[in-house]
């Protein structure tokens, strides 16, 4: 029972990452009708925003300590971050410590800019092109983006810890009135889940309650009619692309402490998030979120030793297996509409 | 002799009753028109006949074959062809190919793995397609891509595709919608000519000019029910029909 | 010739000529010149060009004709490879049975996958095929290790039974051969500074690929091929024309799966190892890229796309800074430093970047792939010619 | 013009043509000379080409880059440039800094992509196109085994880079292949006594194992050696290679009564699983009255860096570490550090050593002929290359040397100073019989010179 509850927690956590990426993918697909294979790369760039910020904050000046030596026997160069020099060691260290949450603010303008640049510079020329071309060009872009990151940051994962207050874990079980020491869960993962919930809620509220969102939703349903009303829908769609990029970026920033970012983390997530989007039903935002959580939870269950010993290898294939079953029983995914991407 | 007999067909979409106990017969070799105001259920009716929609109850008999439950390609294989309201053609293929495909389907059945034959050396099919194109006056355009045709030409092409199968029954869904008067007259001529081949035709039409120049029998559908049936001249004078058409402006 | 019309015959002969003369054409630079780095005329790469060419030709029969975008075709190549290696382990080192069994296994597997996946269309079909391929990859890499040898890849061993052959020759694993002709055997021709290699394995691939290409041409020109194009064009009309589109698409799927298996079989015939990675989604994506880059739906485009990608992968990845400095050794040091600095990100470990940029450029500017590039060049020439003809031949029309 | 039928060989023929001084336009006449060649890619000019086949893309690209640095350094030293590095401390004095057998060492590089197929393609192009007489490098066992088999088949020497699976010199051993790096068995054998000292003999271990060959052999090795000293194995769970989030595998550990977690993971898997395990508070846990502990059997400094703080105090084993104080290690760290500005990784070390060992074997054998090299390396004993006295065992072409047990350092002084050496396990403790069950089922076969 506890084990199952824990796996549900795990699944919610993994699911929130899937859901956030799938949400962005669906926004882009639903509004612009573009299949964006570079979306995983946006997630990855988000994570590297956190890395960059923590590097920037740790920019240091060098002094030489003649007392100590480095590995070659030369006098040791001691690096002191500027922020520590400016704000005093403690405040400075605290600022560096908080670089991931600060990365949220840092990443928003960057991701928005990347999103705008992508849409205006490339994607907009592909609205009328076949989906295969869109896939190909965004896939090429994804490769280019990840190679650029690799060029500057290397291929190894880069540790990007959460602030100290969120390090470690706490007794979640005791908090919700269960026996202590049964359900222990890391702070940061709870933070991540709550963060994802806020972002998802925010996006839905934005689409539901603002005029802008209403126009976009109308545009998703029938682009031409909205265009006839004299509303410049294209401009709004550009903003939606930027929004999707920001969502992916934020998902990445916050994910950095969970798994140390590396340049191919986007590709690792890309295929899975496509499966998530399709299982949810192409073009359906609630579907994408629902499928993200469902697949996340099922994946966690399939990883349990009892399940694996019963069905060896099931943890490797569960997502794909579920995807096949769902697509065969529900032709357009969980919440898909008819006629989207079927020809 | 009856070629098509529809009995007790009902069809609802959610709460909306689209077809209400429709009974309908078509005699072999005749041209039978179905008319009715917008939303009368004409297209639904047609779709129920050719397997695109499954009727909730009732039977559709083609000769002594029941069409209910059959798949579209099976219905075609027993001799029912259909012309759509917006022309359904193979846009990326040439006109000649567009005609050869139905001709091959007629000759070789619903699936044939002729992976090693040469399309361009199949003289029988080619000649047939060429004749057909000549019949509809598109012979000169045989090698151009079908999507580049004008709307009227596309309709003629689609008609030619259906005719190349020598169907026993041809269903036409507004074959002249959106056509100029000259094109409409051409099409009427064409349809009259194929009358000579003894093909039974069911035409759904808005344009009364077309209906009265073609049809031997007219069925009037309103709100999913047949309200009148008879010879064109009888229908013209039927008050129920005039009422259904809001004072009979068309008539 | 061979039941092809004139145009196809000349295309076929052109391809034949290119394939036969590839050892010359791909080695245009003298052996010890600086540009020898760009020579691709060595057996392994030439074999790869043809093998992936076959793979792409097959994929094109499905994608180019019917428009069904499979994202899992690498699985059939992988299954074919495994079957081929097992044949060489159990039966004989003659490559013929291995190739045949590869095609059969890949065909059966694609029948299964196709039967299920073709119940859906569009992106739902793509995701179904992707799911099957990823499952195959994951399982082959892990729990199926006893059959596939997992991470390492299935390979030959000294104690394989090889019923119709020998387990080992003087403590070595026997070489793959085709009725006695070893796949590794090569003739070499040295002409001045040039060196040309004619490899037995390559020419076996060449024969197989020409057969595969011939079959593809026949399919393209057959009623069956026309029906497949009809599927792509308008499936609704097809059904109302009395054609059952499912068996057509399934047949195309299985045929292209068998092509993939053939490629897998040839791969192990040339190099008897079957790695699980060749089933990964990236490998499936690669053949999609090859086909689209070359020109989907064209006869020869996919082969060119395959050559393009394999060339990038094998040639650019091997250029390192040292080689760059050698190239620019004649220039002043500062200039060569700058040049190396600029080029450095694109070569060696940066070959992915080069490939990514090339994809984007081709897709952006040549939607019809490399073939469209050729057509444009061709048009440019014919226009020029026409202009010349106009200029020289036409007398100015007298004004009225 | 003449055609000659013979196995593939490229540069050698060209050189023959060049020596003949034939005019460019004239077809070279090749005589029976080529037949006289004893082996594949025999260097006939003034240079010899080696092939460095390392991962340049994919997850191990940084390790590959470090390997490449080491190879470049080795080539410098072999050609008599630089400070000579370990050549000065190497017990064999055959190398003179004048290339190998008087021929200047040149090299070609390629990208394995950490995929068997790509690695073989790259190695093949080195053999067929560039005339490489030896292939070396790699950062995973799958690739090592695949390329080793290829080199055997083609007839060149393979000097493995970083490969830790037992299979490389176990069931997949080949006559033309040699491994300097240690293996899973040695990790287990070296770790067990240290773990017993540190954590006691009464422990319950839970294994998370990467679901592929290397993971299997490492799990088996650690399991057998820890069980031999009294530990109990509670559960072993396989994790998919593609997994990035290990929470679903870590939480059941919390629920079990295990008090030790063994992470048979490498690379990104290791970084993520270790990070996740620490996040879930495993290290703060007390089970059965004992502190919960985590073990990473194969450590790599480059990878440890990715896990950041989380490695502190965690035991593992490694082939070599730059903080070793023997003369050989110091000399290597010095020349590597001078050239690149940071200390070398264990991958760099093993690759550098392999290059030197190969060159030395050629010198001693007096030929590049693979069979001669095999003979010279088999049973070769040496010292001064950083791991103390070492033997290249003839039966399986595995090096036997001391193994380092290390621990994540609590107070690192620099970004390279992540591991501290806990114990240098003497070679006797990690030696096993060639037919040990963990290595059974393979045979070297005979050397192949490609002739």
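Order of writing sets the labels: A, B, C and D. Residues in every chain begin at 1.
Here is the rule we use: a contact is a pair of C-beta atoms (placed from the backbone, for glycine too) under 8 Å apart; a residue touches a chain by one contact, two chains touch by 3 or more.
What you see is a predicted model; the values in this text were computed from it and never measured.
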{"item": "Taking each chain's C-alpha mean as its centre, the one farthest from subunit B", "value": "D"}
{"item": "Inter-chain pair with the most contacting C-beta pairs", "value": "C-D"}
{"item": "Inter-centroid spacing, subunit D versus subunit C (mean Cα positions, whole Å)", "value": "33"}
{"item": "Gap in Å, rounded to a whole number, between the CA centres of subunit D and subunit B", "value": "74"}
{"item": "Cα-centroid distance, subunit B relative to subunit C, in whole angstrom", "value": "46"}
{"item": "Separation of mean Cα positions, subunit C and subunit A [Å, integer]", "value": "35"}
{"item": "Of all residues in subunit C, the ones touching two or more other chains", "value": "138, 141-143, 352"}
{"item": "Multi-partner residues of subunit A (each touching 2 or more other chains)", "value": "316"}
{"item": "Overlap residues in subunit B, where contacts from two or more other chains coincide", "value": "none"}
{"item": "Touching pairs - complete list by chain label", "value": "A-C, A-D, B-C, C-D"}
{"item": "Subunit C-touching residues of subunit A, taken from the complex the two chains share", "value": "35, 122, 125, 129, 131-133, 135-137, 139-144, 147-148, 151, 271, 274-275, 278-279, 282, 312-313, 316-317, 320-321, 323-324, 327-328, 331-333, 341-343"}
{"item": "Subunit B residues touching subunit C - in the complex, by the definition given at the top", "value": "50, 71-73, 76-77, 81-82, 84, 88-93, 97, 100-102, 104-106, 108, 110-120, 122, 161, 165"}
{"item": "Residue ranges of subunit C touching subunit B (in the complex, touch as defined)", "value": "3, 5, 218-219, 221-227, 229-230, 232-234, 236-245, 247-248, 251, 255"}
{"item": "Subunit D partner contacts - residues on subunit A that touch it in the complex", "value": "2-3, 6-7, 9-11, 13-14, 17, 68, 70-72, 76, 150, 154-159, 161, 167-169, 184-186, 188-189, 258-260, 262, 264-265, 268-269, 299-300, 303-305, 308, 315-316"}
{"item": "Touching residues on subunit D, where the partner in the complex is subunit C", "value": "1, 3-11, 13-14, 17-18, 22-28, 30, 56-57, 61, 64-65, 107-111, 115-118, 120-122, 124-125, 128-129, 140-142, 145-146, 149-150, 152-154, 167, 172, 175, 211-214, 216, 238, 240-242, 442-446, 448"}
